[in-house]
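Note that the chains are named A, B and C in the order they appear, and that numbering of residues resets to 1 at the start of each chain.
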Amino acid sequence: MAIIEAVDLRKVYRSIVRGPGLAGAVKALFSREIEETVAVDGVSFSLQPGELVGYLGPNGAGKSTTIKMLTGILVPTSGTLRVAGVVPSERRQANAQNIGVVFGQRSQLYWDLPLRESFELLRAIYDVPDDRYRTNMKTFAELLDLDRFLGTPVRQLSLGERMRGDFAAAMLHDPAIVYLDEPTIGLDVVAKEAIRTFVAEINRERGTTIILTTHDLADVERLARRVILIDEGAVIYDGALERLRQEYGTHRTLVVTLANPEQRLDVEGATVESREGNVVRLRFERKKTSAETLIRRVMECCEISDLQIIEPDIDGIVRRIYTEGYQDGAAGTPS
Amino acid sequence: MIIAARPRFRWAPYRALAARAMAREATYRFDVFTSIGSVLVRLYLLKMVWTALYAHNTTPAELPLHAVITYSAVALLMGLVMDIDQTRALHDRLHDGTIVTDFLKPINVALSFFADGTGEVIFHAILIVPSLVLALLVVHIDVPPPMTLAAFAVSFVLGYLVGFWINFILNCTAFWTLEISAVQLIVTWLTDLLGGEIIPLVLFPVVLQKIVFVLPFAAMFSTPLLIYVGIISPSGWAAAIGVQAVWAAVLAFAASLMWRAGTRRIVSQGG
Amino acid sequence: MASVYREYWRINILTTLEYRENFVIWLLFTIVYHGSALAALWIVLTRFPEMNGWNFKQMAFLYALWMLAHALHNTFFSAVGDVPDHIREGEFDRVLVRPLDALFQAIATPGQVFPDELILAVLTFVAACIYSGVHIDLMFVVFVPLIAIGGALIDLALNLAISTAAFWVVRVDALRWIVVQLEQEFTRYPLSIYSRGVRVVLTFVCPFAFMNYFPATYFLGKSETALSLPPAVGLLTPVVGVVCVALAYAFWRFGLNRYQGVGH
């Protein structure tokens, strides 16, 4: 039984047109032109309880609009949506009780007071039973190392500490579903790892369904087994991360350092991705040209001082999909 | 390349700042219309209040009803321009720390705030024109002879400068303490009351009159207004305007001292 | 909801204590704000002792009654005025993600609220009662709190309506400021000094007159000269307050629907 069921979600925005500069601003005082933007255009997916899904897309693709509809902030223009059996746009408060949200760019903690005061207020807002509150606070203190700064005013916390506080705050009421919007943005490597461990732990131990929206694809690689890719308001891929890697992770990069910077490098089976001085990056399709073949060809034509092969990472894969478009099954040919 | 000679003064960056301020004010269409609307309402209010006050009490000989209504209406319009805190940006940027980037730019920082504020002032001054037209419809404002108007104009500019320096000094305190908006509002209120914007100073109890005429606030509103309605006669113009000029100079000097002290503090504290 | 409200007040007090210097300055500001209004009234009425049958003592009572209602609103409902900022800064979504009514959350958003203005208002009112020599009986003691609450509700309705406008217009600071200023200025004087049209507006459209003028007329035993209504109409203020809030709440729901893109 799916915990989140979205069918053909659509969202259309309407806004007033405003021209540039002083003239445009004055003109806008008197005009009333409206333009329509389709932010989400027929998105459908379904999530089982306990899944941890990466929801990815370039800026402006419709990611945040979808999340807003899921969390009850926006009402869809059309389509159906059920989250834990509740239609968010019809029963906002009931839906809110079932979810936790972490906005990476914005904190829900109270700036001026110690962290624990924020938790107290949230306890009242979500009506968390005493024993659950105590248990959760203890668990989070351990997992997130909160005790150290529970008494510090939030405005004095470092970004990493504040994020950890925000995570605990989102989980305090044992939500069935948690939305993470850019949860590791701006964090250092150590903090990111701590957050990822926490998220994985919560997902594993409590079976919390998690939707992760992020530009940091290392998050996705570490946590998600399934990804949904959205572009221009529509889903272009919905499936296992592994399959994506297999389908689209077929290219590799050969980095060649030439002995002679003037040397022209033009080999069959590979394209020059970039060239900086005597360092040339060649892109090739593993299925079409083997690494061994390419290296042989390169060495036949030029004098080399260094070679390096770079495996595709999820970043490159996703970038490639957005620039080339997704074709199911075929791995695409290099341009 | 080392720039040894003092660069020529450029108007362009300050003009651009002023234009940006005007565009910024114009984007809030609702604000614009409500401002004009509120002037209308206020003019109506002052007319009704003074009419009611003059109806059942002994009226002052030197200030008949039409004169006091003129006084209050002109004071209201003056207030539109004078109550704008031109250097508010200074406080705001000190508050959020972005002022450091201002010092990195190759323009005079104090002037840049002045330019920004001037854009705002000009925009609102332009708004006065429709407000003035409405004023003439709602209440009857006396129009004095041209010489008086000229003296009024000079006095108004000086009064404006006095107000500008007071605000500047206030905003400079933001170099030391951060929360000044309340203090600023307090000062605005006091200057409005003690400056004669709300009630002509000549109507104050005699005891209080002795005090308020000595304060710089009187130079902001009362002096130009009393010239306008003729209570300060042509023979008294020179003295009155002279006092204003002295206040303007004194406050300008105090402001420059504060500015220098404040910027020194910023530089030594590292922003 | 009750426990949330308790928590909200606890955080308010804590935050105010955290920013003590702020508190002192804003208290000073409140004193000057009301003080200068009363001072202006006093200065004028020293020179012009009577205004449509009202003297300074009576007008002090008039002002103090308005101040009481206004302070009550500022203490309990002022957070509603922060909603436009929250919307503009993107903080409002957080309200929609929580399992509580949006308006309740708007009212119960912790800030630095301390009942200092209210205490000041009560003191001023008591002083004004003594100074004006108003007749204090059981009716007075029972109804004045109700009228103050009714007046606070009228203010709330206005505050809410302006905040709701932010769903369309975004920046409403100037509008709010002007409206509050006008409210303070128009309620300072007896309703009868205005032309008939304005008296009707201030009674039936934007019922500021119910915040202090009608009740004051009743308690001071004056005859009602503005609209020739029976003086007891001043006791209706609580009802007027409730009606106004109901209307404002409907408008709020309309605005909230629009924010959430209902019908787009």
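The criterion applied here is as follows: contacts are C-beta pairs under 8 Å (C-beta built on N, C-alpha and C of every residue); 3 or more make two chains touch, one makes a residue touch a chain.
Everything quoted here is computed from the prediction, not taken from an experiment.
Novice: Quick one: most central chain, C-alpha centroids?
Specialist: Taking the mean of C-alpha atoms per chain, the most central one is C.
Novice: Hey, which chain ends up farthest from subunit B, C-alpha centres compared?
Specialist: Between subunit B and the rest, the longest centre separation is with A.
Novice: On a C-alpha centroid basis, what's the spacing between subunit B and subunit C, in Å?
Specialist: So the centre of subunit B lies 29 Å away from the centre of subunit C.
Novice: What whole-number Å value describes the gap between the mean CA coordinates of subunit A and subunit B?
Specialist: Chain centres of subunit A and subunit B, defined by C-alpha means, are spaced 52 Å apart.
Novice: So the centre of each chain is just the mean of its C-alpha atoms; given that, what is the distance between subunit A and subunit C in Å?
Specialist: 46
Novice: Identify all positions of subunit A at which a residue touches two or more other chains, and write them in rising order.
Specialist: none
Novice: If you look only at subunit B, which of its residues touch subunit C in the complex?
Specialist: 28, 30-31, 34-35, 38, 41-42, 44-45, 48-49, 51-57, 60, 179, 182-183, 185-186, 189-190, 193, 198-199, 203-205, 208
Novice: Within the complex, which stretch of subunit A touches subunit C?
Specialist: 11-14, 68, 71-77, 89, 92-94, 96-97, 99, 101, 103, 106, 108, 110, 112-113, 117, 120-121, 124-127, 153
Novice: Within the complex, which stretch of subunit C touches subunit A?
Specialist: Residues 3-4, 6-8, 11, 14-15, 18-19, 90-91, 93-94, 96-101, 110, 112, 257, 260-262, 264.
Novice: For the complex, give me every residue of subunit C touching subunit B.
Specialist: 21-22, 25-26, 28-29, 32-33, 36, 39-40, 43-44, 46-52, 165, 169, 171-172, 174-175, 178, 181-182, 185-186, 189, 193-195, 198
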